[in-house]
Amino acid sequence: MTQGGVRKLQVAIAGLGRMGARHALHFLERVPRAELVAAFTPDANERAWAATRLAPWGVKLYDDYDEMLKHSGLEAVVVATVTTVHAEQAIKAIDAGLHVLCEKPLSTSIELSQSVVTAARRRPQQKVLCGFSRRFDASYRDAFARTSDGHIGRPSVFRSQTCDKLDPSGFFVAYAAFSGGIFVDCSIHDIDLALWFFGPESRVKSVSAVGITAVQPGLREHGDVDNAVGIVEFWEGRIAYFYASRMMAAGQHDMTEVIGTEGKITVNGNPQTNLVELSEATGVRREIPPDYYGRFGEAFVTEANEFTAACLDKTELPFKLSGAVRAVQIGVALQESLRSGTKIFFDETGKRVEQAKL
Amino acid sequence: MTQGGVRKLQVAIAGLGRMGARHALHFLERVPRAELVAAFTPDANERAWAATRLAPWGVKLYDDYDEMLKHSGLEAVVVATVTTVHAEQAIKAIDAGLHVLCEKPLSTSIELSQSVVTAARRRPQQKVLCGFSRRFDASYRDAFARTSDGHIGRPSVFRSQTCDKLDPSGFFVAYAAFSGGIFVDCSIHDIDLALWFFGPESRVKSVSAVGITAVQPGLREHGDVDNAVGIVEFWEGRIAYFYASRMMAAGQHDMTEVIGTEGKITVNGNPQTNLVELSEATGVRREIPPDYYGRFGEAFVTEANEFTAACLDKTELPFKLSGAVRAVQIGVALQESLRSGTKIFFDETGKRVEQAKL
Amino acid sequence: MTQGGVRKLQVAIAGLGRMGARHALHFLERVPRAELVAAFTPDANERAWAATRLAPWGVKLYDDYDEMLKHSGLEAVVVATVTTVHAEQAIKAIDAGLHVLCEKPLSTSIELSQSVVTAARRRPQQKVLCGFSRRFDASYRDAFARTSDGHIGRPSVFRSQTCDKLDPSGFFVAYAAFSGGIFVDCSIHDIDLALWFFGPESRVKSVSAVGITAVQPGLREHGDVDNAVGIVEFWEGRIAYFYASRMMAAGQHDMTEVIGTEGKITVNGNPQTNLVELSEATGVRREIPPDYYGRFGEAFVTEANEFTAACLDKTELPFKLSGAVRAVQIGVALQESLRSGTKIFFDETGKRVEQAKL
Amino acid sequence: MTQGGVRKLQVAIAGLGRMGARHALHFLERVPRAELVAAFTPDANERAWAATRLAPWGVKLYDDYDEMLKHSGLEAVVVATVTTVHAEQAIKAIDAGLHVLCEKPLSTSIELSQSVVTAARRRPQQKVLCGFSRRFDASYRDAFARTSDGHIGRPSVFRSQTCDKLDPSGFFVAYAAFSGGIFVDCSIHDIDLALWFFGPESRVKSVSAVGITAVQPGLREHGDVDNAVGIVEFWEGRIAYFYASRMMAAGQHDMTEVIGTEGKITVNGNPQTNLVELSEATGVRREIPPDYYGRFGEAFVTEANEFTAACLDKTELPFKLSGAVRAVQIGVALQESLRSGTKIFFDETGKRVEQAKL
């Protein structure tokens, strides 16, 4: 459809869970150049929600993903289903000639992740984006621009954390069976950021990780933990280290420090929900966002708009899909190191080796 | 027009200057339930911009305000022209049966401001909103909700400032001829906030103000200054004090403290552009927004959406139009006190009196 | 007495109340070049404390001020008794040939304050210091040095506040009978700072003040309030404005902003007890000092050391005694404006006039 | 010597380099219950300084450590010489019947460190303190008290960093030959803090570390680096991770986070020199301390006073000497891991093992 003389990208969404519903509303209400025309979910409750919230705007609802792909005039699909079907659905959409915005990670499996990249390579005119939302965050972009300008000299040490507010329901214990583990599920963002700031060509020299189950011993069954620290050493003389946690009391605290030879840039060192500060008998207090959406909500909207523009204008996406596989590779290696308790080494060519090469 | 089964409010905009253009884009792109259908500006350059940016989306351009009001199907007008014609255009739109969102202030004249309120009273079904954007800011709303809940006891002292980054072009010197003066132009927001937090029924007991021309002596010609401090005393045993400045080096710093008998709430005590902090040889630094839009951009979008919803759903606007006249009254009194150097007194009924009544 | 070859200043202290006891311990333990040799207090409880805490170190205790002045070898007296006897005791000590460090204010009376200055002028070799402790605070000194260097251009607007934690005992209501009022008791520090940053020669053009009794209506009896705002306008085109409060929930918050034509310096915008920050279920919190000593403790020690050095080395004190009278003058004028509700005007020569001279 | 009836601890100092001179002045001027009576340094320049600054106060200067130990009436020695002689001098002083405050580390060798502990055990009446100054810092103590009270639940993850301002002179390259490496020289403080907050009985399960030479390639010769990250895993289900750097642009930034199951405590997350904040054309800026003394100066004074009190009053020191050996053990293991590139494992009994025990 067009508005006046403006053509709008015809978009469908797959998955209407927590994040899928948000993506749907973004494309419906906050992406002027896109028109949300279809939505798929296998979940009856989610379809009931969509019947009220999306259908009145002319969005057609599907309970069959393949059927949705045939929606007349469809140009792009947002894949926001459970991680286990990301790769399959993304590839189907690519093969159907559609642009794809796929939620991260492409898969918890390196091979499946790679298969999405391979499919995308066959269709170079189609845009395929992995939703590393932080890449669209205004603060990270500002930090990256300054880093690129040489403002902090050579970026050398990268510290980044993804720390969730404790969910007392323990939802994430059951979820751990499918999540790929805390490094693949949470730290994947931090790993992707490290590859952004250090350069996508950075070569891993070693990874090591440790973890504990401080609040959810049940995670052990899935080889997972609720707090983990990992180090990634690069052959270029750089270090990235990560902290991931599921037990923050105050709320979500995702933050990053990029330490260069001539300065440091910190993103979100002091989290806050808004600009309110309370002076009370107990001191001075501010609240912090309860979840990642409270921190990165605007970044998702920017992502949706930039994806749309790239599809319509046939311009480059801001980063390559192949990086998403590299992030999964590193995340998987960290998770393995966590489980085995050993340090894992690679040579300059990326081949895994038995011992430290100095 | 409708999208699917959803009816959209048909909106026109008058004035496409800096803020008018922003309003236009908000209604075009970020208000899902509104459709921008027409725009008026007497300025050829602004129309050229609109021909590129608005017309392709089906927005009809006018160079005659009265003609625009006759646009077929039009339901609402945003008045964002120069302050001197706000009242006249708002009243014309009201009389034409349209909803109106009028930029602040309604007028620098109390009488003209009141005439808009009077016109609106004759048409109770139409929504008429004065654009006190801070009322729509998430942080101010959070602060107000907490204050209303009694979190800080009885609000007693209110400190608020509107401080602009120094504009070396001296634009505001010429502007001072029409602005009504620094208290009517800048502090009007702070005054409105004080009336919000202290209650719209608050009765002024005295006002006093002083000012200086620290950077722009030319302002004196217009009875204006570049830095001013004013105090408003209320009969209810409350004090509001204001600072307005045109010479901030680092950027815009608008902030507020509400001091209650049991606590204090601060809004934007520590301004920041984003979440980036820089550690450099000179120390640790953050940047702050260059202008009010950098601080309140989102609030304008919320304003546009809530105005639209109230028009479509026939619900109450979040605050009364009459408050806009009260804010102008207080702003005008502060400006008079600034010019004359005297303190101005009122009795409990609002009547101006010659000396302090204790 | 000497230590090795180092001569120590022989110091006595008058008054061992809250602040007097602190002064005593500073001179006893933290001023290497001074030796506390005598202490006077009319209060038996305070003498009992001193018998335990001071006497074992060789400090002789007196219950008669005049007797103490005759202590053999005495060189300097710290006057930390109640404000009402500051001036009399300071003058007696001066006349006895002693150096004097007198707590602020010299008196709540301008005339009595002046009498101390007059006495000091007769004895130019003796050092007489009024204890404006903030002048010795490292942060204020840093701010002043930068301001003097022109870092913020011409200082033009000065905002400063002295805000005490609410003392539910209501002690300060009884105290109000003698304190001279909130502007003389609390804001005197802020006034002194304004005279420091704007220059001691600054000439007052007008003062105006308002106040409320938000928590202690009983203060009205003494013509006092628990929250007050005052503005001082200077003939040099500068403005200082002050806030004083007795009802902070979180603790002491004394802070200052110096706004220049090219920048701003803030001292203690974000108060804190120490460097600890707590992340809890309710958010992120820090505590703030409960009283002025928690904020300015180190400044008092610096004051004691610098006073001692000036006495021993016959060097200049860091600021002139006469400023203490000027601060009282302004404080008294603000308090009068608060009580009468009127604005008070002065001409360029400092003469009080009936109406604003523009 | 006594003052009045108060006996003072007779103290000597060994070493008058940067930190030794500070210790000397602390004991001379800021420890009321101590009397500095002697000082030793093999360095003629340092003795020249001492002749001017210490001798006039009655401090006798020595160029022979053994001679100084015979100083009549001497009760305690502060060992602040180069690290390589700490252990020898400390043991000599212990054997001479003196109390000892020894700068950290006792030695870069575990065995030598242990020999000091062994010597101290033979003389249980003598106080022997290793100068982990952060243990005396008010903020760390506040954090520890809250942690002990259960305020953040069970402390589980400990992040701590010691980051020096870049010294362009490259002094630390030469120093690296003797320092024991960055983990023994810098992180030793963080390690000690981890043992404090996690409990001295905590058992190390593994250590792993990586490092780079981002600014000083010459460090490689000494097996050292200028940036290092290390992880220590404990058998109690806890993790400590450390960052040490020699290349901070803005100044010293030593900080710590203690993450518990119910909250987090941060110490010095936002470093600052004082309470001044500057608003300039480039934004809002604060400065941070150039070195550790700017951060921990007061802690050294507290250390000196508490050491003195423990000696005079025969009370317990705030922590055991044996912890100093444990900190060196962990530091040495981290440094070995850094050099070899391997992860190092320990079983539950502290015995080193070849592979991860899960």
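Here are a few things to note about the model shown:
When the chains are written out, they are named A, B, C and D in that same order, and each has its own residue count from 1.
Here is the rule we use: a residue touches a chain if its C-beta (ideal position, glycine included) is under 8 Å from a C-beta of that chain, and two chains touch if they have at least 3 such contacts.
Because the structure is a prediction, the values reported are computed rather than measured.
Among the pairs B-D and A-D, the greater number of C-beta contacts is found at A-D. A centroid comparison over C-alpha atoms places A as the chain most distant from chain C. One simple way to say how far apart two chains are is to compare their mean CA positions; for chain B and chain D this gives 57 Å. Taking the mean of the C-alpha atoms as each chain's centre, chain A and chain D sit 42 Å apart.
In chain C, the residues that reach two or more other chains under the touch definition are 152, 248-250, 262-264, 269-270, 279-281. Chain contact summary for the complex, chain B toward chain D: residues 248-251, 253, 270-272, 279-288.
Considering their complex, residues 152, 154, 156-157, 159, 206, 208, 210-215, 227, 229, 231, 233, 237-239, 241, 243, 245, 247-250, 259, 261-264, 269-270, 340-343, 345, 355-358 of chain D touch chain A. Across the complex, chain A is touched by residues 3-6, 28-30, 32, 55-59, 138-139, 142-143, 146, 151-152, 262-269, 273-281 of chain B.
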